[in-house]
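Submitted below is the structure of interest, expressed as structure tokens.
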Amino acid sequence: MSEEKKLVIGFPKGSLEKPTYDLFAKAGYKISVSSRSYYPTIDDKELKGILIRSQEMSKYVENGNMDCGLCGKDWIVENNSDVVDVCELMYSKQTANPVKWVLCVHEDSPFNCPEDLEGKTIATEAVGMTTRFFEEKGINVKVEFSWGATEVKCPSLVDAIVELTETGSSLRANRLKIIDTLTISTTRFIANKEAWENEWKREKIDHLAMLLQGALSARSKVGLKMNVLEKNIDKIVAILPCLKEPTVSHLRNSDWLAIEVIVDEKIVREIIPKLKKIGAEGIIEYALNKVIL
Amino acid sequence: MSEEKKLVIGFPKGSLEKPTYDLFAKAGYKISVSSRSYYPTIDDKELKGILIRSQEMSKYVENGNMDCGLCGKDWIVENNSDVVDVCELMYSKQTANPVKWVLCVHEDSPFNCPEDLEGKTIATEAVGMTTRFFEEKGINVKVEFSWGATEVKCPSLVDAIVELTETGSSLRANRLKIIDTLTISTTRFIANKEAWENEWKREKIDHLAMLLQGALSARSKVGLKMNVLEKNIDKIVAILPCLKEPTVSHLRNSDWLAIEVIVDEKIVREIIPKLKKIGAEGIIEYALNKVIL
Amino acid sequence: MSEEKKLVIGFPKGSLEKPTYDLFAKAGYKISVSSRSYYPTIDDKELKGILIRSQEMSKYVENGNMDCGLCGKDWIVENNSDVVDVCELMYSKQTANPVKWVLCVHEDSPFNCPEDLEGKTIATEAVGMTTRFFEEKGINVKVEFSWGATEVKCPSLVDAIVELTETGSSLRANRLKIIDTLTISTTRFIANKEAWENEWKREKIDHLAMLLQGALSARSKVGLKMNVLEKNIDKIVAILPCLKEPTVSHLRNSDWLAIEVIVDEKIVREIIPKLKKIGAEGIIEYALNKVIL
Amino acid sequence: MSEEKKLVIGFPKGSLEKPTYDLFAKAGYKISVSSRSYYPTIDDKELKGILIRSQEMSKYVENGNMDCGLCGKDWIVENNSDVVDVCELMYSKQTANPVKWVLCVHEDSPFNCPEDLEGKTIATEAVGMTTRFFEEKGINVKVEFSWGATEVKCPSLVDAIVELTETGSSLRANRLKIIDTLTISTTRFIANKEAWENEWKREKIDHLAMLLQGALSARSKVGLKMNVLEKNIDKIVAILPCLKEPTVSHLRNSDWLAIEVIVDEKIVREIIPKLKKIGAEGIIEYALNKVIL
Amino acid sequence: MSEEKKLVIGFPKGSLEKPTYDLFAKAGYKISVSSRSYYPTIDDKELKGILIRSQEMSKYVENGNMDCGLCGKDWIVENNSDVVDVCELMYSKQTANPVKWVLCVHEDSPFNCPEDLEGKTIATEAVGMTTRFFEEKGINVKVEFSWGATEVKCPSLVDAIVELTETGSSLRANRLKIIDTLTISTTRFIANKEAWENEWKREKIDHLAMLLQGALSARSKVGLKMNVLEKNIDKIVAILPCLKEPTVSHLRNSDWLAIEVIVDEKIVREIIPKLKKIGAEGIIEYALNKVIL
Amino acid sequence: MSEEKKLVIGFPKGSLEKPTYDLFAKAGYKISVSSRSYYPTIDDKELKGILIRSQEMSKYVENGNMDCGLCGKDWIVENNSDVVDVCELMYSKQTANPVKWVLCVHEDSPFNCPEDLEGKTIATEAVGMTTRFFEEKGINVKVEFSWGATEVKCPSLVDAIVELTETGSSLRANRLKIIDTLTISTTRFIANKEAWENEWKREKIDHLAMLLQGALSARSKVGLKMNVLEKNIDKIVAILPCLKEPTVSHLRNSDWLAIEVIVDEKIVREIIPKLKKIGAEGIIEYALNKVIL
């Protein structure tokens, strides 16, 4: 592998930046960036990072300025970008819920569906997505670009808005009601089409995707170990909801077995009392960095 | 198990609140509470949480407003509450020491024992406990409720105080001396007597207790692994102070054994040099989330 | 072992203080220090700690005021101290790079090598090291002690400076260029020569060194586990760059083997894709507290 | 005046403590208190300060432990204390509104007046005030002491509460409605009756009251100066809403007058345009430290 | 004046928001806004506030959504808005310098004037202003809207940028050089043309402008008082650079005069030594809240 | 006055830096410094600032690198610098007390006076001052330079120390006792001797000194105004402890006088009650920026 081989990767500037670096760290890549710089340092000579606003990511990946990058599905749609959707990565700022772009009007307005907005004015940061949405329905509206604080403009300045929401709290605070949903969005790892055809780049991207998904997967899983009498093994295994067979090994000079298994963290509280009841001993739980099944 | 089954659990409002949520998280329960609310959200539909001051917890558990709750032993004594003491949970705010309620007088006062206080005035937040303490000894005193800052009132406003202490530093700073101890207190998981007779509730409480104790236990323990020659196994095992037998497995095609054991973290620094000296190799230590022996 | 046996150990006051305590905690020693005190409390009665500026550490270890201590190699050189260099401990404030003492002049100055400074004035915090550096080269210069903010003095107050640098950013901000390097420095665990001859002290120092190195080593290492078909074991082992043989155990009633190995964290991202390709399954990675191979 | 003369003054511990010190500083008294102490240092040898919870202040002033003190009118009522009410001082934590103790029930409850609560249970921190309120109305209720978080107990634990409110936001957040008001309260400067009969102490208390009121008064007032032609003086004075006559002085060798007046800050924005219109020139506004009219 | 009369005023959301509220407070208007709301509360029933991004202010004032508002001159130019420019208000975020929109290229680029950019691509947040700038010069360029972090795009993504600068530090950090200036901008108080024709609204706007300018003016001015012998009065007055005649009053029974004058704070340091030299005594300087000359 | 005239002034880097800028701001000079720079910007073209550690200030003023500067008297003594002591400026970090350099030994040591230290070792940051102190007394000691944390070295590393103290708390915390005082120090405004001979520079320095002292003086003084009946004027004036005669002016058409006076802030609380008692009305107090009597 020659030193000149480089994969250029775009990181999303803004609220996703820090969670992205944390996820890469778990996957095995140390990324740092000095406060004024836009070129993160990565401890892999084959990777060259650049910080780009999520809104512009898919455009620059499509153009080939970067080979690949991470950004929301919503902005790929908004930019109508022709890129490879390598994989979905479900990590986000506040909650595990995907974000949505919704069409909203004021609670007190007479509008209840997109059709009611014929001839009206709509403010949004996502002009492309919104324009196409109404064109496809054959509804005439005036779509206006908004610099932000969009939710406060309705109804005093415009008749409706198309806005991003994660928990809905900001919409409620401004007394807006949702009358349709345009896009549900999660973070995507995307690639430039030409880069995807290059064998070396495609393999590099695939490996990154595998490690990132392995790190994400480990967040919700734990390792469990316990000792059981050989005669109880089948009852124990029946309780353990593991995807693969558990690792079972004989202990020295005894009729006890050591069992080790990877399970969802959230079911541990259910199964530990059951395991204990049918004779499991020395049960321990430990945390994981990566899980690749 | 029907959806309607609910266990109502009281969490202690105040300095123990955050450590309690952390302990439940380790046990497998995610709890969150919005800033103004007194009803924490728990990711288990069978649990319903309510925040109550530690001082009032045992009263409301006794009355059946809650099925169970966590609070200090001291306030169970103060309220003279008739509840089930499910288990002790040794987690606390600052240190691992239990807190104590002590009878204090000023360093320069002539008082040296409770009997010296005949006819005197005593300020305390724990009027019930203090009144009964002196009644049992047949000493006449005037017990006065104090709204706080009790230690500063002695001797200018009252002759003695009964006050909570963890490290004693606040008492020393106010030049007070301890002349007796009324109660030593740790956090308890308590239950209502009627709830305890209900089979479903009792099992739910038992499982919670098992998982909370498993999480607490893991804080002071670690896992140790190492490889040893089969001929050295007895010398090694003699050094390892584990409660149960270690997990020992044969390695493939060799006369080496893999040993795995759970030990108190604080003795590791003593035994590692010894293990190394008698031939243990590849010694590693790792952290634990839960330990249920 | 008698209670009177004590090893006096010096901790470096300043930016290394907190990282040093963190490292000792990982090694199994809890250290705390109240804000005004210079005598840290250690949970080992055989150890007595003292806080000393890194600049002065080697002098006092040489003199026997302390039995051992931690400080930078640079100040051992500056002080010309005759001490035992027990081991190197590669932990540092900002980065993993060793710090350097460099000879700098202003970007616009005509000086390009030490020889150009004949007859000139040089400001530095490290007068000893600088004086010897120029003496060995036979260059006459005037070396002036600087109280700090050294980089701002050049060229208005002095012709050159000798200054500590880790990332070079402060030098660049002051438009200075490096024309030579005097010392590259890392943190060292040093001991007094007489203490080193005392059997009890030497063993205590050796055990500390073993545990500190075990804790440091664990920072860059992880545990990997996976299951493989017995027939693939040799291909798998060929990929795993472990120092020792992997722990391999037979699974019950099957032709699968469980493999466990300790590897450098930084190579995991390389080998996981390879392991996966040749048939490893259920690969998991977990973190370590200590590694003593 | 002998050095032995001392006035003992109680300062309210808690949220009023810092605003109280700020007000005293404006009045000319520097007060400081170290973090653990309950005895503030005052730069006046005739004053001796002590920190006491607002709830207990009037009790100890009545008993003569302190000569005077600052606390809320509500706790004087609660404790039924027989003290001298020297003056009202309208400074408070959040707003300029006085705080109120109100009787509240849940929004969905059938209760609409105190009489509806016959035979019910009421939780409150102010047991004395609440008991007397219902006794005077001849209504039988059970009054229960609450340790805090009182508003969350209604209706699940009690039928009604008596609670402190400043803005009402915490009541609304818990969906409570107010059905009666027990006390409206502001901060008072109170004195012990015996101390009030002592000539030296009474004068000292009077002077303190004068300076504190002067400092409070200056917060809402400003000084205004302007020049006017002598012939316009009556029109100008008619606009100026000052309590006393304005200070008017002739300017040298001219038919202009200089006017200076103290007015409420909040009316300045109204009168400046009017003053300007009828010929005032050189209008300036400046801030005040004390105003004693 | 009827209660229904309302003047709608737009406040700039963002970095100017807090300084704007501070200026209004000095002028006599208390404004508060809860964290999620866009409708500030003002203690004047005739005013209704709304928060709007500075970029959009002039558009909405022009359209009549608001009667008046505060925003930068730059965005009035960018939006080409037809509004009344009531007055300039020189308050700003960091410094007293007006902000500038400048055309920048990379230090190492061959471009030295706008003409060198024929056929090139320019990124900017101010597309209107930039397009008109090049059209007027007859230079063909491609102007591209930028979402931010504009300075980092040059030269890797675009050939030049048009960007806002106050101190130039961000430009220098990105190694950009300024080759032309498009607009110099200060904050303006603007009004809708129709509102300006309404007598009541115009007077309200005029009074606001008077008070805001009075408060701004006081920031750079102070009051000076001194006593002088009558015979020296002409020499003293010659030194005092006041806009109006000083206020001079005779002192009682003496040949001394008291002089009071409002001057620029920045010249005080020059004139005090001169005043002292020619016999002024008891010179004092005091601060001002408002100055309306 | 030509543009080339420059006075170079040194500001003390460190804990005095911010208080120094605040004092200059009060005196009329705005000083700002960006975080990495050592050249403060001053809004007076005739002044050029430079940041220098207090320890080195007098050396560089003596050498003529700066014309003048601010530093502690202690470091002038330590450096034995031959400079002009223009004036004392009593502003300091924590308290108004001057700092002292004291000779300290451990509480438990047998040393009680400097003579007891014959042949002993003394650690200090002020080697020059300490060496001369003992030489003058004819006592032989070994004086050792200390890098800081000097107070912790005694008695384990040295026999005595010479150290700076303001409140003595750090000495007490280390159980040291003071056995002699070497220097009492306050901040001084110093000048280079040659600069002092230059007429323009000397006048500039004098004017700076006048304004700085005027600003310092205003911190402890306030303005008082009141109205009194002409017949009471002598009684009132007798109470007012002003340095100069009060400014007294007749009010228009009345027998009232307006009195204005500058007094120490700390006596206001004493005299206001007296003034009120003998008929003063409309008493107001206001703050001052500068006082030059």
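Just so it is clear, A, B, C, D, E and F label the chains in written order, and each chain counts residues from 1 on its own.
Heads up, the rule we're going with is that a residue touches a chain if its C-beta (ideal position, glycine included) is under 8 Å from a C-beta of that chain, and two chains touch if they have at least 3 such contacts.
Just so we're clear, the structure is a prediction, and the values are computed from it rather than from any experiment.
Hopping across touching chains, the smallest step count from chain A to chain D is 2. As for how the two copies chain E and chain F face one another, under half of their interface residue numbers coincide. The chain with its C-alpha centre at the largest distance from the centre of chain A is F. Distance between chain D and chain E, defined via averaged C-alpha coordinates, is recorded as 39 Å. If each chain is reduced to the centroid of its CA atoms, chain C and chain E end up 54 Å from each other.
The geometric centre of chain B is 60 Å away from that of chain E, both derived from CA atoms. Chain A and chain C, compared by their mean Cα positions, are separated by 38 Å. In chain E, the positions touching at least two other chains are 249-250, 286-287. Viewed as a contact network, the protein chains fit none of the simple shapes, being neither a path, a ring, a star nor fully connected. Pairs of chains meeting the touch criterion are A-B, A-C, A-E, B-C, B-D, C-F, D-E, D-F, E-F. Across the complex, chain A is touched by residues 222, 225, 227, 249-252, 254, 258, 265-266, 268-269, 272-273, 276, 281-287 of chain C.
By the touch criterion stated above, chain B contacts chain A in their complex at residues 27-29, 43-44, 206-207, 210-211, 214, 218, 223, 244-245, 247-250, 257, 260, 262, 286-293. Those residues of chain C that touch chain F in the shared complex are 13, 36-38, 50-53, 55-56, 60, 65, 147-149, 152, 156-157, 170, 173-174.
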